[in-house]
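The two complexes that follow have chain A in common; it is paired with chain B in the first and with chain C in the second.
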Partner chain A sequence: MSLLQMEHVSHRYGSQRFLSRQTERTVLQDVSLTLEAGTCLGLLGQSGAGKSTLGRILLGLERPTAGRVLFEGQDIYRTTANDYRQDIQVVFQDSFAAVNPKMTAGQIIAEPLTNFTRLAPDALQHRLVTLIEQVGLTRADLAKYPNQFSGGQLQRICIARAIATNPKLIILDEAVSSLDMVNKALILALLGELKDKYDLSYLFITHDLQAAQALSDRFVILDQGQIVGEYPTRKAFADATDPHVLAIKNAMLATHPRYRTIRS
Partner chain B sequence: MKPVLSVERLTVETIIDDNPLVRDVSFTLLAGQIVGLVGESGCGKTVTSLALLRLLDEKVIRQSGQIHLDETNLMTLSDRTLRRVRGGQIAFIMQNPMSAFTPVYTIGHQLIETIRTHDRCSKREAKDRALEALREVNLEEPDRILKAYPFELSGGMLQRVMIALAVCLRPHVLIADEPTTALDVYNQKLVLYYLEKVRATYGTAILLISHDLSVIAEMADQVLVMRHGEIVERADVFDLFDRPQHPYTQRLLAQHGIQAGGMNA
Partner chain C sequence: MNVPLERPRLLDRLSNQRLILIGCSAFLGLLFLTALAAPWLAPHDPFLVNLAVKLQEPSWTYPLGTDPLGRCTLSRLLYGARVSLGFAVLIFASSLLIGLLIGTLAGYIGGWVDQLLMRFCDGVMAFPSLILVLGLVGIFGPGLKQVIIALMLVQWVYYARMFRGLVMTLKEKNFIAAARVNGSSHWKIFRTHLLPNILPPLLVIGTLEMGWAIMDISAMSFLGLGVQSPAAEWGAMIHEGKSYIRTNPELMIYPGVMIMLVIASFNLLGESLSERFGVTKPPK
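Let's turn to the complex of A and B:
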């Protein structure tokens, strides 16, 4: 049994403008995909392709207009049990918007723990120290507020929060896209390490080809709400020559002036 | 060839701190040349670009050195004359297009206002020039875009509108401060492509500020590497990538390698 299955999921957003007729927009159309435990699925596509909507549906934040989402065989929109909420966590692009500025790092990481588990105060404190050290920060950082961290450090705190409840799946929605080169490489390395250590699965939503290739085992390309390409291995993706992959590959910039294409 | 912009020993400091934000920066820009300014966040790249237009608050910032645009010395100009230079002879493209436009006016209003501030012309004429500029950056339905408010356009579209706005007055110098950082990879390349088109068509000199060495590799002729407010290395772009001299440049390139490894190197 796959960890996660999306079956023929479609989604429409309706909008009601004042004094005008209701308009509807299809953002996902008949999307089916599976995610095996312990793997990372890279979900690529341009902005507006429906990537984030797909992530929100998996998180239970958006109920699809059609289709089913099965997590460990259970339809997440049918089951009354909320267990899956603990098992699926998320890391967003904008770390500053993803935390409450009035809470310390310790309180931020503790939130899912107090929601889903019953830990004695000292056990909780112990867990927090383990978690923050796990993501490469120190015990002293637990008392700091979000504005005392850099973007890269705050993203580490968001990752610590995401792994706090020992989830099975983490949705990384452009989790490294707003970081500079150095932090991007470091966070990708951390995510890879955590994945092996805790046998995590990732759905890695990104428009960044290099980042996707660094972490993912399988790849899916979404375009205008539909899946237009599936690549079961890294090699299949690297060798692929269909127009959707080429569009992504052509958007990459040269790494050395020798390969540049814009200036001729 | 005479430089369009020449900067000599530009130093910027705050009135409360003796440690300058930018120290002794000198460089020149020739017509049709792209000079890249690289460095980590906080090294003084943006302060330098703002100082070139004297946009820093003179109540708290002291600025010394020489800035010559063509024959004019920008350091001695009055505020009034300076306003004609800004946008007219030197244009600025900022990192975040979402916050560079006024949210309460349409794109058309802002384009037409800018054109008419610098050139005496009728509204109708200004509108035609705005439409032409939008067509030049291949924006579809320019009429619709003129009527749109900034929030109705995507970041990539807005950045192209900003290029259109910057070039419709045919400036001699364009300062682009991290023009692609806020965009996704598809729009990134497109925006760079239009910057190059502007350079090739009008011979505009461009100061391209970026922390992304790929952007520099694609675009620059000359590169200035900045650290703690000082230029630590300057070189031809090919030399810089093949034979970096300063240890800091070597480190930047090595970090770049971590990310770029295996793509097309």
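Let's turn to the complex of A and C:
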């Protein structure tokens, strides 16, 4: 049994207005994919393809209009048990928007722990220290507020929050996309390290080719709400000549400073 | 070309802001304390009619003189503060609670719940508060209760709309999504994520609105719709004093000055708080 299965999932965003007609917009169309435990699936696609929507559906935040989402064989939108929440965590792109500005780093990381576990205060404190040191920050950082951190540091705090309750799957929605080159490499290294250590699975959502290749074992291309390509290995993906993959590759190249100077 | 230096002016402004903040809070704090302690501070019974001492000049026994019925003006002012401030707080707190509840629900749930609640708000907004008061007074007769209910019914809509907007922008932030993923209940999200982030604007609006509430109560009482004699209330005192405007203008001036000072303090305080928290006031 796969860790996660999406079966024929479609999603429409409708703007429900009282006493007026609905305007609807189909964002995902008959998407099926599977994710095996301990692997990283790269989900690539251009802006607006529906990647984040897919992530929100997997997180249990957006009920799909059709299809099923099975986590460990259980339909997460049909079970009353909420324990899948503890097992699926998330890291978003914009770390400043992903944390409450009025909470300290310690309170931010403690949120899932207080919700899912019953740790005594000193055990909780001990766990917080372990977690923050694991992501390369120090014990003193626990008392700081988000505006006292850099984007890269704050992303580490988000990662600490995501791994706090030992989840099985982490959805990385553009988790490294807004970081500079150095931080991107460091965070990718940290994610790889954590994956091996805790046998985590990742769904790596991105439009960044290199970042995707650094971590993922398998690749899925999403375009306008539909899956237009699946590549079971890194090599297959690197050799792909599909126009959708080429478009993503070109989009990446176009932003590279050296490529731009060559073209002009 | 000579460019004028901006710096000293900015510094002046900043320290002025601080001065206003401290001064206004001190004045209002003191006023609230005097209102609370009115029974001990007032030299006389504010309702005691004694025609033998009507329209007295200020003296040691009657520091601000007496009114046409021989009642001590200072005592009536002190007791009036209780009514004006007390009911302003009541109107403010109750309309704030209703507005917070409805606005947060509408903004957080969204969809048709939001649409329904907002259409309802639009309906209420269509009635100016004066018309609502006149309607209630027409049905139930003049009285403080009618005025308070009418003002409450009108006020909460502003709060509801404001909180709805604030919550809607907050809801888009991923930390709310992360909180859901982290197993926080909706109630916990409201307490720990929404409320702390809407507190600064709440403080600013609250301060500004308190001034307006006092103004409204006094205005209604002045028009004879709210507080009825013999109760002491600033607006009602102006109303009572207006027949003596030629001979004893101080009967209107004392409560008038109090109203002006209180409203000015609340407004200045609100302005400086809004500057401090970087909150933009919604248009009223």
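Just so it is clear, the second predicted complex is superposed on the first by the 248 of 264 C-alpha atoms of A that agree within 3 Å, B and C clash if a C-alpha of one lies under 4 Å from a C-alpha of the other, contacts with A are read in each partner's own complex, and residues count from 1 in each chain.
Quick note on the criterion: a residue touches a chain if its C-beta (ideal position, glycine included) is under 8 Å from a C-beta of that chain, and two chains touch if they have at least 3 such contacts.
Computed from a predicted model, the values in this text were never measured in an experiment.
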item: Which superposed partner A:H207 touches (first chain B, second chain C, both, neither); value: first
item: Touched partner set for A:E72, first chain B, second chain C, both or neither; value: neither
item: Touched partner set for A:G48, first chain B, second chain C, both or neither; value: first
item: Which superposed partner A:E7 touches (first chain B, second chain C, both, neither); value: neither
item: Chain B and chain C footprints on chain A, overlapping residues; value: none
item: Residue ranges of chain B in contact with chain A within the complex; value: 34, 40-41, 154, 156, 184-189, 192-193, 196, 211-215, 217-220, 237-238, 241, 255-256, 258-260, 262-265
item: Complex contact set, residues of chain A against chain C; value: 16-19, 56, 59-61, 82, 85-86, 88-90, 92, 94, 97-103, 111-112, 115-116, 158, 161
item: Interface residues, chain A side, partner chain B - complex; value: 46-48, 177, 180-182, 184-185, 207-210, 213, 247-248, 250-263
item: Touching residues (chain side chain C, partner chain A) in the complex; value: 111-112, 115-116, 119, 173-175, 177-184, 188, 192-193, 196-197
